[in-house]
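The first chain written gets the first letter, and so on, giving A, B, C, D, E and F; residue counts start at 1 in each chain.
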Amino acid sequence: MGAVLDVAISTLLSPIILFFALGMVAAILRSQMSVPEAIAKGLAIYLMMAIGLKGGVEMSKNPLTTDVILVLVAGIILSFVIPAISFVLLRITTKLDRIDAAATAAHYGSISIVTFVAATEAVRLSGLDSGGHLVAVAALMETPAIITALFLASRGEAQRAKPVAGSERGELVREVFLNASIVVLVGALAIGWIAGEEGTASVQPFFVDLFQGVLCLFLLDMGLSAGRGLRQGWRQLSIPTVGFGLYMPLISAGIAAAIASVLNMPAGDAALLITLSASASYIAVPAAMRLALPEAKPSIYLTLSLGVTFPFNVTIGIPIYIYLALLVTGQG
Amino acid sequence: MTKYLRIELIIERMAHKRACRVLEAAGMTGYTVLPAMAGFGGSKRWSRDTDLSASGDMVVILSVGDEAKVRAVMAEIGDLLGAHIGIVTAAEVEVLRPGRF
Amino acid sequence: MTKYLRIELIIERMAHKRACRVLEAAGMTGYTVLPAMAGFGGSKRWSRDTDLSASGDMVVILSVGDEAKVRAVMAEIGDLLGAHIGIVTAAEVEVLRPGRF
Amino acid sequence: MTKYLRIELIIERMAHKRACRVLEAAGMTGYTVLPAMAGFGGSKRWSRDTDLSASGDMVVILSVGDEAKVRAVMAEIGDLLGAHIGIVTAAEVEVLRPGRF
Amino acid sequence: MGAVLDVAISTLLSPIILFFALGMVAAILRSQMSVPEAIAKGLAIYLMMAIGLKGGVEMSKNPLTTDVILVLVAGIILSFVIPAISFVLLRITTKLDRIDAAATAAHYGSISIVTFVAATEAVRLSGLDSGGHLVAVAALMETPAIITALFLASRGEAQRAKPVAGSERGELVREVFLNASIVVLVGALAIGWIAGEEGTASVQPFFVDLFQGVLCLFLLDMGLSAGRGLRQGWRQLSIPTVGFGLYMPLISAGIAAAIASVLNMPAGDAALLITLSASASYIAVPAAMRLALPEAKPSIYLTLSLGVTFPFNVTIGIPIYIYLALLVTGQG
Amino acid sequence: MGAVLDVAISTLLSPIILFFALGMVAAILRSQMSVPEAIAKGLAIYLMMAIGLKGGVEMSKNPLTTDVILVLVAGIILSFVIPAISFVLLRITTKLDRIDAAATAAHYGSISIVTFVAATEAVRLSGLDSGGHLVAVAALMETPAIITALFLASRGEAQRAKPVAGSERGELVREVFLNASIVVLVGALAIGWIAGEEGTASVQPFFVDLFQGVLCLFLLDMGLSAGRGLRQGWRQLSIPTVGFGLYMPLISAGIAAAIASVLNMPAGDAALLITLSASASYIAVPAAMRLALPEAKPSIYLTLSLGVTFPFNVTIGIPIYIYLALLVTGQG
């Protein structure tokens, strides 16, 4: 427990989190500063290449075991199931309609790759190890949630008379399964796996040594986005909705912890699976929702995921999830 | 004499390909898409910098064509605007080299 | 029958929020801001690449509304253009779904 | 009373300086260039992301001026459009502060 | 003196200055090359984070002394006073009207962070040390000049009938006190201070090792900007105005040198305070002037600051300021 | 020969080529992912600064010999001559008209800097050395091809009645001789030469250590561009035209190999000269053609150069060119 508190404090005082806080404060004080959109996108691509490569190199060191495959399957199931639970809770505790509730639920079933990265650091700081295949789990957990949400949105309602005008067969599927983060994560994972430690040695200075620093810059921008979203969108959020953004991660974390315990996962891997489950998407899913459920309100789902759940997770959440992982794996 | 109209769609970036397909289906010979950087509608402001997912961005689509085709677009595009956020305007314009439309 | 006008402001980026406030105050239901990349006026050219401070950048603000509101904007916006660089034009347009303006 | 026209050129980025020179030569007092991000014409789509050389990019040039000057531009610009890809439209607009054009 | 000449030469032949020269030459030859705006802004944010962090880490090593606080106060006073002197000189020697003179004066009271960075390098090359608190001085000197300039612009003139249409209470204050460079500089300084040397170790490869290289790229772009500004704007500048852009830095340097001598500052710190005083803003102040004094002409103040004073400072100015610092601190 | 196969395989499995393949696959599967334009341009500038500097530093180590000058002259001649051969072959084997054939020929006479960089790596992996002056050769070979093409396009045809409306004297010359890649390559080469190994030591972490990693990111984007170009443009290409995109590099390579043999060049240098000759431009020349020959169709020349010849060169071509170099220099 003491060690977990230490991790919590050193997490909170790490430059990464401090830059995130700086961004939030600047946004709330209505500073006009901004990171150009193109830079933010470029940094996001870099971060995904870097974690994909790292995961792939790790995986190339060990053969693919049943244990690993079970974790991949568990991730997919979690991403399918969490939105259903989220949807029920939202419909019971908030006044969101079916469409808004389904769209919001999709975000909580999917994942936040930056939260994952922050957790990877915290896990390392706690002296735990984690396997490269968790990156693959992250990629696999991105999309099943969207399928569940679309099913929930259409259930009970007379089937849509016809598709949105101008939509094209396969457009949503491409957006969802071939979005930038999946392409880059899975691609870089495969490349890391193929090229191995030796083959990637020449790109280590770029992808490994700079990683922490780039993350600072990226989180400064995330802080600005989260702060601005919150400042403009908080009026749209009722108290029960905000509450959902805070307790839902913990519920997802609990479920993932149970699975991790059943699968007998090592503590580090368990902590990451729990964090992935607890995290909510704010890049890939909002974009998919604009195509699939354009009637749902971004001011609700995006504000909640980026303005409430993301800050909660990177500050308070991650230490809790590590503690939980130590607990259920009997290493706490 | 043929009348030429310039139709202008202000529409969500995520939906702009759908709108473009409607333009193409109606037989417009071309269009051009401009990125917007900020806007206001209803009671919300948006800006490219606010939203990391860029899912709230808008674009402006310009297309010039003869009256019949533009009217066809206006009849068709309403459906899309049932689902997506958008503004459509049209106005008569003089064109150079009318043959090309 | 209500007439709809499309008003277009070409204005300095630094002043565009002021112009937007004028639009909102006049009751326009929305507007969209497009970034410009270069321009010429008087005897000077500007280009985004020239000016690190971006303090000379221009933007284009489009807004569609009923005649009364657009006239109100045109009456109000003159004040702003006393201080800031800008061009304002308006023209009648047909709109889809007039109810929303 | 003087009539004012808003001329709009949708033209290749590589050729836009040529178009701007034609505008200046015709005595237009100013213009503004907006970057486009995508488009369609004939049977090809283009998008900024497709083309590393950016040699296929389009821009939109807006210019407002009195009728005589805009007519002069329209007479001159045809030559340029013989060689380069482009669309030119013009329409009457009301302007604020007509003195400045 | 010989050592100073050495510094002058090695400054002039450093890749940083050579890339700046390359940019200027390309612009003057009317090359179409350009660094995308988003990249330039991204690099600027990186540079400010890096110097903020470095300053903060330095400051975390020593307690905050009265000496340090006195330097901070001196910086603020310099930024308030220099615009007044600049204004008087401009009104006497040039034909600029009150508004243009006040706007130009604001630029010379404020600072150029790139000039500061270049001076930091030159100081290090000369074998001198400088304290991290000079970064804080830089941040503090950004804005007082604007206040003086606004006062000068309105003095004597009947008070403005009403504010510019559509302006909003607090808009200028936010633009001025919460602009990107202040937020990032002060924020990164605080983060470096809190996290300390150990806490920032993991971000050193990004923020320390790359710094010089990134600066090359940034200065290439600065050279292009300065060159283009000069090519397009030089016709607007009369000879007395250009003269002001060359002698004003020396006057400011003289005043700062006197203060440094009184405060008994170490030579390295003195050199940086002198450079800050001598440098002129070309990012933050022009933006503020477009809001506060839109009638003033950017083709004058921006061309002068970026096209005349900046190149003068980074080439000839800095060695002079270091020499001056050695002289007044009795270490020359 | 076995060693060459090894190089071929390790080239094909290097992260650089794998990321290129990832980009192509993503584009062909119609993924919506993209690298922002500003980032791609920024990376291109970085890469050119880095190779320019490296070449300049190499050149600063040795005096300028006649051998070096002969290679520079050979490069210029190759760039003048190859378009003429290309033009004749295109007119005989394809249905392209005079203008399209001339524009396409210009691309094959000019060079691709990314192909050059990939070849530099492969040469190093093969245990060969190469001189810094090859960077200068690359810069010199960019433009002569354009002059030949313009001559071919106008030959036989009544002279153009008048220039394109609005064109300006010198506009094409500036675009062609002062485009970004020439300015940055030549500029950085000169800076590396002046500053030397010692002077550039402080920028090595940025320009040397990161180079390989940045190249991965850039080639991911190149793959996306090539794949999209191919997907959209392949219908415009007849089979003889595609054939030209595959055999023309080999013809150019053969000619360059002959010259390398005559000049008695070391194997590494020969491999790079051959690669430069075999590579086709897809950035500088298309832009120049839009100004000089606006009637020529980019869907032909750009698709061919970026979608056919570039992928061919970076995968299969380079090992062949190295083998050829070993052969003609008698070191194979």
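Throughout what follows, contacts are C-beta pairs under 8 Å (C-beta built on N, C-alpha and C of every residue); 3 or more make two chains touch, one makes a residue touch a chain.
What you are looking at is a predicted structure, and each value in this text was computed from that prediction instead of being measured.
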Set of chains adjacent to chain D and to chain E: C, F
Farthest chain relative to chain C (centres taken as mean CA coordinates): F
Far-end chain from chain B, centres as C-alpha averages: E
Centre-to-centre distance between chain F and chain E (centres being mean Cα positions), rounded to whole Å: 41
Centre-of-Cα separation between chain E and chain B, whole angstrom: 45
Centre-to-centre distance between chain B and chain A (centres being mean Cα positions), rounded to whole Å: 34
Chain F residues counted as touching two or more neighbouring chains: 34-39, 42, 205, 209-210
Multi-chain contact sites of chain C, meaning residues that touch two or more partners: 20, 34-35, 77, 91
Chain-level touch network, classified as line, ring, star, complete or other: other
Chains touching one another, given as label pairs in label order: A-B, A-E, A-F, B-C, B-D, C-D, C-E, D-F, E-F
Complex contacts: residues of chain C adjacent to chain E: 12, 14-15, 17-22, 25, 44-45, 48-56, 76-77, 79-80, 82-85
Chain F-touching residues of chain E, taken from the complex the two chains share: 13-15, 18-19, 22, 25-26, 29-39, 42, 205, 209-210, 212-214, 216-217, 220
Complex interface listing, chain E residues touching chain A: 36-39, 41-42, 45-46, 49, 53, 174-175, 178-180, 183-184, 187-188, 190-191, 194-195, 199-200, 202-207, 209-210
Residues of chain B that touch chain C when the two form their complex: 8, 10, 34-42, 58, 60, 74, 77-78, 81, 87-91
Contact footprint of chain C on chain E as seen in their complex: 34-35, 37, 40, 164-168, 171, 221-222, 224-225, 228-229, 232, 282-284, 286-287, 289-291, 294-295, 298-299, 302, 306
